[in-house]
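There are two complexes below, and they share chain A, which is joined by chain B in the first and by chain C in the second.
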Partner chain A sequence: MKKAGEMKRTGAVRKIQIREEACIGCHLCEFYCAAEHHPSKDLLKAFGPGRERPRGRVRVVEEGPVSFALVCRHCDEPLCVFACVSGAMERDLETGKVIHDPERCVGCLSCILACANGTILWDEKRGVVAKCDLCPGREVPACVAGCPNEALILTE
Partner chain B sequence: MEAYRYLIIGNSTGGIGTVEGIRAVDPEGSIAVIGEETGPAYARPLISELLSGEKTQEEIFYRPSRFYPENRVDLFAGTRAEEIDISGRLVRTGDGKTRGWEKLLLAVGGAPIVPEFEGRERPGVFTFTTREDALQIREYLRKRGGGKRVVILGGGLIGLKAAEAFRARGLEVVMVELQDRVLAPVLDPASSRWLENVLSREGISLRFQETVTGVRPGRTGGFPLSVELKSGDSLPADLLLVAIGVRPRVELARASGLQADRGIMVNPRMETSTAGIFSCGDAAGIGDFFTGGNRPIPVWINAYWGGRVAGMNMAGEEREYEMGMMMNALRIFGKPVLSAGMVNPPAGGGVEVLQGEEKGSRRALLVRDGRLLGFSILGEIQSAGILAALIRSGAEIGEFRPRLLKPDFSLLDLPRGFREELREGRWNRSEKSSLA
Partner chain C sequence: MKSYLPPEFIVERREDRCIRCLTCVRQCGFETHVYDAEENSLLSREELCVGCLRCVTLCPTRALTVRTNPSESRPNANWTREHLRDVCRQAESGGVILTGSGNDKPIRSYWDHLFLNASQVTNPSIDPLREPMELRTYLGRKPDALEPGEGRARESECPNVRIETPLLFSAMSFGAISLQAMQSLARAASEYGTLFNTGEGGLPAELVDYGKVAIVQCASGRFGVNWEYLNNSAIVEIKIGQGAKPGIGGHLPGEKVLAKVAETRMIPVGTDALSPAPQHDIYSIEDLSMLIYALKEATSYRKPISVKIAAVHNAAAIASGMVRAGADMIVIDGIRGGTGAAPKLIRDHVGIPIELALAAVDTRLREEGIRNWASLVAAGGFRSAADVIKAIALGADAVYLGTAALVAMGCTICQKCYTGICNWGICTNRPELAKRLNPDVAARRLVKLLRGWSLDIKEILGGMGVNAIESLRGNRLQLRGVGLEEWELRVLGVKGAGE
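And now, the complex of A and B:
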């Protein structure tokens, strides 16, 4: 069972690994992520006409020939959790996932200041942050599954 | 007498960080936490949400209620540690009990500073650092039919958060600040000005280079207080909030023989001058990268992180604390304000200030010898954490220096090697990082 707030190096922690040289800058990961986190979980419904474009938790940056996805590292010693004043950010002991509860988030931005990768996204409209949750309920996170060139891969 | 492997004084973020640090290493050793405040630990920064009425007491608990039992922690809340007997390894508390320990930690935080002006004890004069303060202010205002105007002494983080809460309650707010700007210790001057524009738009009236000299009974408009200022002006008000800062609570440590000056002295392992006794948070003086001094860094992450490092050391895993700088995050009237490290260039020069400003956003970066020392960023803050990591690492910013000012700055703007290091979590000053 998960222990509240307790953090420990767990054995097999699954992480998304970024392979810059394989990224073709297609942004598909962003779409799959946004759809997965849309109530419909459906790409067409999420991005259908007349709808507000949903936001995902992964973001592709590009310049010239270089492109790659920015996505949470699920650090073993996560500074975002240390910084979180409300307790919304937690590290799940069993899975090693750093999870965020938007209900408890007050949008104080402390985690954004703490994250050395700039992967926690500020959702100004909702006044809370958003980050990768490794897609609960899915064997392989949507961004990894949807990446056509293995620029995002899952490692144990 | 009960005796514990680990005894923690202070049930707030420093104490909780310590518990979590201990449990990450030692799942078994007995732990007790002694807390002067009642109930489980709460999110101190959220007492302004309690004051505004946006959140209830339960909604600001810092950890779920299962935290203490799951971590096998005996919590003694509502009683103060009065005396530490170092040679006997005992702590005596206000409820007359004595408890033993093998490792001890003090996360006793700070106490609000109230200057010696006349009338400081008068009803209607408050400080604002505890949940109880927020509840008492609410009760006081309720009795006054909501109140009409408050005066806040101090334009720092706590004063600003209180100002926002009072505005949400529909009160007029006058902010009195001795310096010539808000947040002077944590923002560069131009960023203070930027923020002051926001505050003025939100109806907060700012009185700089001014202070409170006394509080008398009110004379006009049915106000209970007349707040007297240095300039000779007096402000009729329902309430005066004194928010000029906190000072570390070093008394208990000092009385028991621990070394303390501006904070309880600790080494990088967070251990005090006496082996086996640790400290962290607002009470503990830790070294700062730039000044080397041992002044506390009174922010949340410092207390938690320091506590976590202390807890791991207490449980036998060697760790060194690596924050070593101020880190300040604030969202005030919806505007993001983040800063870290050195924000005001020291007299004597040698520090360059790079600045950038776009609509709704600005940034100021301090650079010396090709290394980033600190920044203030307002508005577009998405990648501020990368800059904070660059400061901590002490890395040379060389050719990519102009890129640091880009509003959409991201990992992409760093050399590939740097990106890899940051992804692997290597950003600190220790040898394992090639950044430094």
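And now, the complex of A and C:
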């Protein structure tokens, strides 16, 4: 198990900044995220009529006028990585990204218990957890690109 | 009582594209869309739809179309659909019909009958991309003559405010519009070097830093007026009238007077904010002069004092009185000016078009030799830089943009401002709706609008061979009328095309 202090990052970190004051509670980030992580990468194909609805890795929480998208903070000292029993959760020291490898995940839910932000979600169908991977291969993560009110913005 | 009103709009949903994301359900403040979880189906209660297109714009798969309801009763040129509807509404409500935004009737737009000049052969046009082009102008009284001092003209004793483009944001009060909307206007004005207007609702504490780009209003309700407010400003404006509702006061219902609005307006939470129709201390030009000088005293003669009136029949004579009463800037708001709430008949039938009023006022002030005593600002329904430049050629120093600025922020002119529900987060105080307007986004859009229109103005100026906006002001020879009657050309002070 890795310990705090061993996790110093070496490169620039991209992070998704959450702006509660601009979140309009439309939940579109959830849909764009789920479609991006669907093999088709297409909203219509992922959610079209009669299809099994995929889950995203971002979740909008709301209470009255307060709403915001909960998405992995890619913490400098990631409790989920410390808690992971199988080595599925790792932190890329260069990019600062906290990466989850579903192949190594045993579905013990320790990371979900450990995460202070509640950003790791349980994918029941696959029996593993799912979390934000900052959309590898995309310039801007799908949730950020799809947010109609810039309530999610990418900071470098 | 069963309503006989047919829905104004119909909502069409393409089932093959709808992914049940429910964005439409969540985004409609009027609760038009309903999701039935049992059936996994979406219904539209079309009688509630106002045609604001929020759902259409946000639908991620373009599954929605909103159209005017095509159902028609027997065509009748006299009893139009709108007349039938309004009679029906009043028969059901027994009240006055309220509306928002500006006049939507096909009133003759004189801008569309005025054409601009360009240089050919005998004088060179200017390429604004290669040569400097001056849009900067100054608001305030100008001296009668320049007295040469030591090497340069002596500075005027009259306070003047510099603006980098002749485009100002109109008065829209906090309470009527959201804090986010006002913040967006303030930030855009500050960034581009122009001014926004607080309207009559005071300057919210969050925006005190924008005082130097604020025109602060002192209206009949005197909301939020105090020494700090008056002095934390670029210009102080006395609001007598508004183009959308000449002769009518304002009424911000108690439900909209939430804690922050109440604090800014200096009234108790939940009380109706009533702006009387007249200013009760102004029943004559002499009374107006007393208020102008009271405000000048309060601001140590450091701020230009503006007076805003609606364009009405005797606007020219009234404007002359206003200037003689000491106003450093006068604002004429035409019949197409917008509002947060006004009786529909007043909005549509009271007042006169800004083009005629502006020309009449400028002519009158010139004839009396007092045009330099005050800047002249036109307001009311400016749709493009072409309208703006024609207004300047008719005699305006600058124009106020209200509706155009709102549209830049997202407004689709659904005219439901008076309901307190604005799906675009502009004309509302409901926190969950107001946060839909992100000031970062809206301010950026406004700055781009100012930039785009300023570039348009430079292009047209260059074509005329004029390199400064101040050289065009009141130069009606740059305009020619088409399709106008003799009297209209006379009032506008413009020749017919070909003359």
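In the analysis below, the second predicted complex is superposed on the first by the 148 of 156 C-alpha atoms of A that agree within 3 Å, B and C clash if a C-alpha of one lies under 4 Å from a C-alpha of the other, contacts with A are read in each partner's own complex, and residues count from 1 in each chain.
Going forward, contacts are C-beta pairs under 8 Å (C-beta built on N, C-alpha and C of every residue); 3 or more make two chains touch, one makes a residue touch a chain.
Just so you know, these numbers come straight off a predicted model, no measurement behind them.
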item	value
First (chain B), second (chain C), both or neither touched by A:13	neither
Partner chain(s) touched by A:130 [first = chain B, second = chain C, both, neither]	neither
Contacts of A:146 with chain B and chain C, given as first, second, both or neither	second
Partner chain in contact with A:109 - chain B first, chain C second, else both or neither	first
Contacts of A:24 with chain B and chain C, given as first, second, both or neither	second
Partner chain(s) touched by A:154 [first = chain B, second = chain C, both, neither]	neither
First, second, both or neither for A:85, with chain B first and chain C second	first
Which partner, chain B or chain C, touches more chain A residues	B
Residues of chain C that touch chain A when the two form their complex	15-23, 26-27, 57-58, 60-61, 425, 430-432, 435-436, 438, 440-441
Residue ranges of chain B touching chain A (in the complex, touch as defined)	13, 16-17, 19-20, 23-24, 43-46, 49, 60-64, 66-67, 70-71, 300-301, 304-305, 308, 327-331, 334, 336, 338, 340, 381-386, 388-389, 410-412, 416, 419, 422-423, 425, 427
Chain B-facing residues of chain A, complex	3-9, 18, 20, 61-63, 66, 68, 70, 73, 75-77, 79, 82-83, 85-87, 106-110, 112-118, 120-122, 127
Of chain A, residues touching chain C in the complex	19, 21-28, 31-32, 43-44, 46-49, 64-65, 67, 146, 148-151
